[in-house]
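The structure follows.
Going by the order they are written in, the chains are A, B, C, D and E; count residues from 1 in each one.
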Amino acid sequence: MIVLPRLALSILMVLGFIALNGMMLVYMERKVAGHMQRRLGPMEVGPHGILQTLVDGIKLIGKQYIPPYKIDRPLYLLAPVICFVPVVLAFITLPFSEKLQVRDLNVGLLVIFALGSMTVLSLFMAGWSSNNKYSLIGAFRSVSQSLAYEIPMLLSVLSIVLMTNTLSLREIVEAQSPIPHIVFQPVAFLIFFICCVAETNRAPFDLPEAESELTAGFHTEYSGMGFALFFLAEYTNIVVVCATTTVLFLGGWKGIPLPFMQYTGVVWFLIKLYLLVFVMMWFRWTYPRVRIDQLLNLSWKVLTPLALINLVVTAVVLKII
Amino acid sequence: MTDSLFDLRIAGEIIFFIFVGVSIAGAVIAVFSKRMTRAVLGLALYALGIAVFYLYLGSAFISVMQLLIYVGAICVVIAFAVMLADPSKQSDKRGVIKGLLVLIPGILPGLGLGYLVIKTDWIIVPVGRFPPLSAADIGRKLLVEYCLVFEVISLIFLVAVIGSVIVARMGRNE
Amino acid sequence: MRFINEVISGSYSLIAGLGITIKAFFSPIATVQYPREVIDITPSYRGHIEFVHDLVTGKPKCISCGTCAMACPSNCITVEGEPLEIKREPFHATGWPPAISIPSEKKKAPGYVERLERPLILFELDFAKCSLCGLCIEVCPENAIQFSKVYNLAGYCRQDSRIDLKNRFEEIS
Amino acid sequence: MEISADRDGNTFYLNMGPQHPSTHGVLRVILKMNGEYIQEAECVLGYIHRMHEKIGESMFFSQFYAYMSRMDYLSAMAYNHGYTGLIEKMAGIEPPLRAEYIRVITVELNRISSHLVWLGAYLLDLGAFTPIMYAFDDREMILDLLESITGSRLTYSYFRFGGVCKDIDEDFIRGTRAFIKKMRSRLKMYDTLVTKNVIFIGRVKDIGIISQDMARRYGATGPVLRGSGIEYDIRKNEPYSVYPEFDFDIPTGSTGDARDRYLVRVAEIEQSLRIIEQALDRLPDGPYRTEIPPFIELEPGDCYFPVESARGEFGIYLVSNGEKRPYRMKLRTPSFSNLSLFNELTKGYMIADAVSILGSLDLVIPEIDR
Amino acid sequence: MNSVLLSEQLITYLALAVFFFSLGIVGLVRHRTLIGMLISVELILNAAGLNFMAINRFLVPDSATGWIFTLFIMGIAAAEAAIVLSIIVAVYRKYRSADVDDVCELKG
């Protein structure tokens, strides 16, 4: 049986990818921010500041653990872990290329959403247990936000599921072999991507950690590794949602054929993935933050009806065809 | 049965017991914790354990739905209520005897059911004979065989949504 | 209809904003990489004060009259001259400053007295208090002090910020 | 967790500040909240109170310059202008015309730089990270220009009784003209990036509406007052210096919400550019300073002299008893009056709106506490 | 009974379900707040779902009836949670408490 070694290798690769990717994304974010603000960003550690994130990570590991007064300690300690683990588990089913996939589950899409919805609980726990009102308000916001945005997200994905008749991510990619779904479903793509931005708490929807209002929101009281885990989870989450978008709408690993396409498809996948990540960063460094009621209004009054209409139209069109 | 396969099954068994522990711990926390936030966490752990049991029972779909609905929706909604209604001031004034007395209504049906479980002669059908069911099968069944139930449930959902909105708005006068 | 209009114009504004930032992304940077590149300081830069180098005598022109110390809003200048037995001429009513000299064109102004020189013992500037307002330079009757062009000042303790201008002058010259 | 709540359990208190990203300094606001909604906002002042008025009473007149810049570090020039103008008015000193023009140019440049800082910081409060960098990029040009004549970048101490301490040169004039040209194109950029942005409009429109009556009641001045549609500008209504010679408008808003205050400030940048342009065109030759004795005395009497700083009316009331030091000095600072609006403004708004309102009032905390 | 592994025995799941069911009932009696009671109800419902799944798997593996019932239970649980929570919020607004002992009068 090669199951066990394969599993171990996959876990190693996923963890390595997450760690590297976290570093890479933080570096990318700083550089994108820097250049959009006509600065250079980090330049000191390593060539062009590549190692800056590593140094920051080491600093965070070395930091003292400072529990605030009157915290709910088990929850306080568990929250970063609970935030991080589901995000990592989502990599189980993400197809990076035809062969580079830990496990193709026939309910892969649902797995990703289920795991994604678990993050909210950790934000709630972090906000509640820190004994800080700013954290509490941040937790409030994150819970209501993710509740509101999960609905249009799932609805917009349903139209894709209707088209492909499967929940397996690999089959969804295979289904868009000449033309990616974004061509047929631009509205669903837009809704899904907006919901992704909101689900990952990125600007302009970064209300749970709005620093000018709530100092740092739910992780105000975290320092050192707790903070690092939240941070890493946030960036990994970005990759997960962008990868999901790539799989659902942009045709996954499909692209101009390369040698060993079964493996090198990952190149196309990563290009599409990081393009989406770049767009997310682009949003963040351009827009002001929306207010909580506007955020909820956008979800309930615009995105949800739009997604429903899109779903119905898709169903009708599919029936006619 | 090769050795390595046997190892894999043993590993599966170990993981199973880990999650038995997790779910029992979660349930105990959910029931006996004084702080509601911890109870919510307990419920989440318990739901996670149950989801893993469903996986062992051969249904990844139900397992994922369990995660999505229980951890992702119900726990979050309960967390929301905890924040809104703030029941953390709950005081447990019961004495030890009363506390133990509370266990009786739980233990009695438990014993009864346990007796039934042991006494009944279950006719086990070997699993491997049939192809595994998929999400598509469920969908088909849901919309053909159990169509009426499905409709009734959706009606209940509608009523629930409208009702909860109305009830939640009731107290708000301003 | 109005709603759709709003949505369209709103989306357009968002896309226009994105256009601005992406243009900035590809345009050259506006910052200076400080330790490697340094911008020249302007000629009128105000550093801490220092003595003017008198080309004739090669000594500070300071006559230790103490006017600068009196003019300083933050009391950061300490001037000590050798004691001289002189009759102090009143400047205004309060008997201050003790001695002051003035350029010849100013001599007719009321309240000034004749020039009296006192050798300088100590001229100390507490830079931590100094706000670089330049009043000491303006009131100096001999034009003996000026702004230096030193700008990277740092120290480990409060004493480091006390600059003895006399010593500094001697070190430089 | 424990929440210090009211007896009815419905409200709780949130301490915003003294160290909070959006109070821009050590201002503390005690918010009485009902969920995300604010019921009361009590401002607690005095964290950096430095007794400027009392210090003024123990100093010679000329010594107080440096302290003037330290109140409002963003528009220090206007504060110097106010103080200089007051003493000149009381002592009957007539500064040369060139000095007055230089004063107007530098004050208006400083006003633009102050508005730019406000623009960036306000958008930072609203969660946009990039405009502050662009604003600081533009401001850097102003600071370079001012540094080239005054020698410092923030607290200038440039004015003197009877003139300014250093003449401007050709380089400065050329640089200023280049800046005006660049700033006009940059204003278009801000218009696209910020003013028309739908998220920005959503965050500022109909937020913190100040009615005309309310603005008058609280003694608000500056863009806060003009945002509510009252055309009141010291430069026009009580002209000082050479402002009557210039042709410029007073931008006013209509509804008095945060967006109007924003628009008024952006329009003021344009008007300031116009003033600078005219002043550069008509800059007269001649001396830049009249020599007066360094330690002047004032006749007994009192005087109030207001100027229009970037934040509103800054006035000094000074009582002299004939000595070299003032007998009593009272500073009227605009942010202090404008802040007093905050409690009434935020009632019923959300905490995010409170940040938006606080930013739109354009507060400089050292000036409030002085 | 051709397997020795406990994870492949019907009795394990049934025992677990019975345990969780009794625990849920204990919680229902023990908790005084509405939210706590709601959590206990969720425990009971999940125990029922586990029972359905186990019996479906071991007794009628060719049918998906148990799965569908579990799905329905989840749906009902979600709807029930939503309703109960809205009631809790309404009650809290009225009585300033989510404690059942405090909410003992029936007039509106």
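Annotations
The rule is short, and it goes like this: contacts are C-beta pairs under 8 Å (C-beta built on N, C-alpha and C of every residue); 3 or more make two chains touch, one makes a residue touch a chain.
None of the values given here were measured: they were computed from a predicted structure.
Where touching is counted per the definition, the chains common to subunit C and subunit D are A. Graph distance from subunit A to subunit E, where chains that touch are one step apart, equals 2. Each chain gets a centre from the mean of its Cα atoms; the one farthest from the centre of subunit B is C. For the interfaces B-E and A-C, the C-beta contact count is higher for B-E.
The mean-CA centres of subunit A and subunit C are about 54 angstrom from one another, to the nearest whole unit.
Once the centre of each chain is set as its mean CA position, subunit D and subunit E turn out to be 63 Å apart.
Inter-chain spacing, taken between the CA centroids of subunit A and subunit B, is 27 Å. The distance from the centre of subunit A to the centre of subunit D, each centre being the mean of the chain's C-alpha atoms, comes to 43 Å. In subunit C, the residues touching two or more other chains are 14, 17, 20-21, 24, 30.
Subunit E has no residue in contact with two or more other chains. Counting partners per residue, subunit D has 1, 3, 9, 130, 134, 137, 193, 197, 199 as the residues that reach two or more other chains.
Of all the residues in subunit A, the ones that touch subunit C in their complex are 32, 34-40, 43, 282-283, 285-287, 302. Within the complex formed with subunit E, the residues of subunit B that make contact are 9, 12-13, 16-17, 20, 23-24, 27-28, 30-32, 36, 39-40, 42-43, 46-47, 50, 53-54, 56-59, 61-62, 65-66, 69-70, 73-74, 77-78, 80-82, 84-87, 90, 92, 99, 102-103, 105-107, 109-110, 113-114, 117-118, 122-127, 129-130, 133, 137-138, 141-142, 146, 149, 153, 156-157, 160-161, 163-165, 167-168, 170-172.
Residue ranges of subunit A in contact with subunit B, taken from their complex: 1, 3-4, 72, 74-75, 78, 105-107, 110-111, 113-118, 120-121, 124-125, 128-129, 136, 139-140, 143-144, 146-147, 150, 165, 167. For subunit D in complex with subunit A, the touching residues are 1-3, 12, 14, 20-22, 35-36, 123-130, 133-134, 137, 193, 197, 199-200, 202-203, 350-353, 355. Note for the complex: subunit E touches subunit B at residues 1-2, 5-7, 10-11, 13-16, 18-27, 29-36, 38-40, 42-43, 46, 49-50, 53-54, 56-62, 64-65, 67-68, 70-72, 74-83, 85-90, 92-94, 97-99.
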